[in-house]
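Below you'll find the structures, each written out as structure tokens.
Same chain, two partners: subunit A is paired with subunit B first, then with subunit C.
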Partner chain A sequence: MKQLQEILSAIGSWQAKGYQVIAPVRRDNLILLARIEDPSLINLDHILTVNTLKDFMLPRCETILRFDLEKACVEPGIDDSLPTIIFGSRPCDAAALSILDSILIGDVVDSRYAKRRGQTVVLTVACSRVDGACFCKSMGYGPHDPTGSDIILLPSQGGYLVRLISEKGRQFASDVGLEPDDAEADPEPELSRRVSTDGLKAWLDSNFEDPKWQVISENCVSCGTCYYLCPTCHCFDIADEAGISRGVRLRIWDCCSFSSFTKMASHQPRVGKYARYRQRVMHKFKYTVDNIGKVACVGDGRCIRYCPYGVDITEILKALVSGG
Partner chain B sequence: MHNETFVPTLATIEDIRQETPDIRSLRIVLDDEGFRQNFTFKHGQFCLISVFGAGEAVFCLASPPLWKDFVEITVKEVGKVTSAIHDLEVGDKVGFRGPYGNSFPFEENFGRNIVFVGGGIGIAPLRPLIWQTLAERHKFKDVYIIYGARSVSDLVYKEDLRKWASRDDIKLTTTVDPGGEDEAWQGEVGLVPQILEKVSPPTDSVLVTCGPLVMMKFVFLSARKLGFDPNDVITTLEMKMKCGVGTCGRCNIGNKYVCRDGPVFRLAEMEKLPNEF
Partner chain C sequence: MKNEQEAQLRRRVRELLNRGTVEVLLGYGRGLTGVRPLFVRDPANAEKLIWNEHCNLNLAGYLVREPLKQVMAGARIGLIVKGCDFRAVNVLIQEHQVERQNIYLIGMVCNGIESDSGSGILIKCRGCNVQVPEGTDEVIGNPQELRQIDGDPFEDVRAIMEMSLPERWSFWTSTLSRCIKCYACRQACPLCYCEECITEKSRPQWIEKAPTLSGNLAYHFIRTMHLAGRCVACGECSRACPVDIPVDVLTRFVALTIKERFDYVAGDEPDGKPFLASYCEDDPDDFIK
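And then the complex of A and B:
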């Protein structure tokens, strides 16, 4: 077993080896994942950070290319990926990366995402507490689940046990002298929120047209908060920003709740808020299952915590499969 | 050459043909010689064309793969990127990404009748397949082309139509919507689905269609009415696309991504998808 202080004090030496470290820090009363210089600022006094790891693997806005028309020059955007340690994110966020990996590093590889992922070691600190919005267990994960982590620290009697999960994690641990532990961890905290997914996929398979879609989407205001804070939502737009002859092409997060998302010159296939909300639910709980065999939800609960109108995905899933 | 997923390669506009008042075809040559020489695609696939500063949009590859050294796209001026394309001149640079998507079945239809049904600019994705079919004409039975537009001036590929009309191994029928004819018009007058029913090709044919959504819906109904098997009715779909590779998340109809699983679908497959197009 190791004391947290012991691990934190090693982080400086990881930075000295050329790794950038992303960890939870307190900013304006929020605990956010951010690149840190000073390891003493790391704050593990959180249930879950507000932002997710997609901020770092699939940034909100990135330059795909730069162009200069006068010079007839087009060049890829600067590759700013660095060897990276993610320290102190939670198991649900690591699990979300495993879902993004299946989607973005598949038959076609998203080169910028794959480059960042390849250089990143995810060192998860498992949860010793949960809150009322957490429902990771219902999605097949859990407060100590190692999915997507390279190394996981499990809470044990006030300290932490190091478990090496992936080959990348073993390599990193051996590089920096982080020894694994085999003692028993504290029991996982209990989750109060549960939602059964029994029958959900079958219901979604056969109820694209159902009056319930109108009802369950009534409170949604299409603000996109759930998208921005979701660790698995990955839809994006590609757009140019340019002066007269020079400019950039950007990849920017985009959200299926926005009516512009699918609007074409010729027609709009998703007319109405309910059709867009249905897309969100179908994408996460049916289409991704059909395509990669996984639900695109890890039960982190951010969409429940931060929705300004109290839209609750677990209540919606229950309402969809319930009779009547 | 780079290997970045979303970075296009440069290409030069070699020729521009004004097809109709608001549609033009562009002949595009890939600048990188190695890429150009190795470039190949299948009929039915699409590409993304960039006008740097305006953005990127999806276009079907409208020339057959057997025409080497260039590709053609046909563009109707409807939005930001298409307007920017209409402002381009011969010699201007564009970005090119592709080819993407699946393609029309071809070899499996050897020995059968083929019926092409196009409406307006919707004949553009069928054009590579039509020319490929004509290049291997002896491998097929009868070839029908039924093509219509709102008016005579809205018919695209007039040069192709002349060539097809002059061949006796193609049953070509052209039509314009009622009121769209002019004094010299010698084709049919009527909506494309009506003309399909009038021509009434044998129902053991393969029917390949593309056109405005409303036309396609009625072509499907007519094909059903005539007795076509929905496995033999093939079309190509359009949805808003940004990435071309199935990850930006917007072109799906149900669990199928039009860019990756399509754009070519059989009516039998479409009937299993949610009605979202």
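And then the complex of A and C:
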């Protein structure tokens, strides 16, 4: 077993080996994952950070290419990916990366995402506490689940046990001299929020049109909070931002609740708020299941915690399958 | 203590729905993290309505969004408002977005809203002169039980204006660089009802779409100017922000300037004129050089 201090004091030596370290830090009243220089600022006294690992693998804005009409040239955007250690994110966020990997490094490979993922070691700190919005167990994960992590630290009697999960994790641990432990971890914290997905896929398969969609989406105001804070939502827009002769082509997050979504392809086919909210549910619990065999939800609960109008996905899933 | 006001509200809503006075009513219900909007159609569900010192939400924005917008085309809807929320309804009426006769307004006598973080009554409630909403279809609550809420409702705005220019620039650039352009502030705002927001126009694209600092500044400054004389200082924008940006300080600064220079408070009078459509011969003109 290791004390947290011992692990934190090693981080400086990882940075010295050329890794950038992403970890939870306090910014005003928020705990955010951010690139850190000073490991003493790492804050692990949180349930979950507001932002997710998506911010670093599929950033909210990135330059795909630059163009200059006068010089008649097009250059690819600068590749700024670095060897990266993610330290102190939670199991649900690591699990989300495994879902994004199946989608973005699948039949079609998103080269920018794949490059960043290839250079990233995910060192998860498992949860000692959960809150009322957490429902990872219901999605098949858990407060100590190793899915998507390369290394996981499990809480044990005030310290942490190191468990090496992937080959990448074993390699990194041997590079930096991080020894695994096989002692028994503390029990997982209990989750109060539960939702069953039994029958959900079958219901979604045959109820694209159903009056329930209008009812369950009533409170939604079509903002992008739940999409942008979701660790698995990954839709993006391509925008050119240019002056008279020079400009950049950007990839920017986009979200299916916006009335302008997919207009670049001619129009937004989903007229009506309910149809856009339905797309969110369908994409997560039907289309992704059809495509990769997993639901695109890890039960991190951010959409519930941060929705300004109390839209609650677990309540909605229950309402959809109940009573036919 | 028994919540008489809440009990009376539930009773009245049940009656209004039973008599068919309104087809649907929007009020406050219970959510995981506190209060959330509750649509009531079935009189039996009036029991789920709540009223307490945490009912901060301004529900007026739902009047111009689905599904109420569609319902109001053919029927009357009910809406629970505090005196301050009523201002947003008034602006929507003044701007011809809703028809007064399509809305049955239940005004709640209000003793101020408590902050969820436990720091006491919200800044926006200070100096409130609409604790008893006047001009609604009915008022629920006992004005005898009111206590006055003292203080400056613009204290936070003034604190930022007292910063030096470089300090203020650094404050806004650091907070606004956090913005992820989820547009929660815009969607939460009862007065941001444009069918197509200028930020979404792509042919031509007027402002940077990117959630970079310059794109974020462009979005927030345009939104601020678009709310000049219209912002009712309800704070929904900041409340909705997932990354804790005090965006309401921008629009409330403009509201404060307009109040100080022109003695105008948006939505204060049901049949008043929109600020930018009103003119008075003795308006100050000392800024015209």
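In this section, the second predicted complex is superposed on the first by the 317 of 324 C-alpha atoms of A that agree within 3 Å, B and C clash if a C-alpha of one lies under 4 Å from a C-alpha of the other, contacts with A are read in each partner's own complex, and residues count from 1 in each chain.
As a working rule, contacts are C-beta pairs under 8 Å (C-beta built on N, C-alpha and C of every residue); 3 or more make two chains touch, one makes a residue touch a chain.
Keep in mind it's a predicted model, so treat the numbers as computed, not measured.
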Three-chain arrangement built on subunit A, subunit B and subunit C clash or fit: fit
First (subunit B), second (subunit C), both or neither touched by A:137: neither
Subunit C, subunit A and subunit B - angle at the middle CA centre, rounded to the nearest 10 degrees: 90
First, second, both or neither for A:209, with subunit B first and subunit C second: first
Which superposed partner A:264 touches (first subunit B, second subunit C, both, neither): both
Which superposed partner A:280 touches (first subunit B, second subunit C, both, neither): neither
Which of subunit B and subunit C A:237 touches, first, second, both or neither: both
Touched partner set for A:294, first subunit B, second subunit C, both or neither: neither
Partner chain(s) touched by A:224 [first = subunit B, second = subunit C, both, neither]: second
Contacts of A:104 with subunit B and subunit C, given as first, second, both or neither: first
Smallest separation in angstrom, by C-alpha atoms, between subunit B and subunit C in the superposition: 5
Residues of subunit A that lie at the interface with subunit B and also at the interface with subunit C: 237, 239-240, 263-264
Footprint of subunit A on subunit C - complex, ascending: 29, 31-33, 35-37, 39, 57, 61-62, 65-67, 175, 178, 180-184, 186-188, 195-196, 200, 202, 205, 208-212, 236, 239-240, 242-244
Footprint of subunit C on subunit A - complex, ascending: 27-30, 50, 60-61, 132-133, 214, 218-219, 221-225, 227-229, 237, 239-241, 250, 252-253, 255, 258-260, 263-264, 272-274, 304-306, 308-310, 312
Subunit B partner contacts - residues on subunit A that touch it in the complex: 64-65, 67, 69, 72, 74, 76, 103-104, 108-112, 208-209, 234-240, 242, 247, 249, 251, 254, 256, 261-267, 269-270, 275, 279, 282-283, 286-287, 290-291
Sites on subunit B touched by subunit A in the complex: 2-8, 10, 50, 52-56, 78-79, 82, 93, 95, 212-213, 238-240, 242-243, 245-255, 260, 274-277
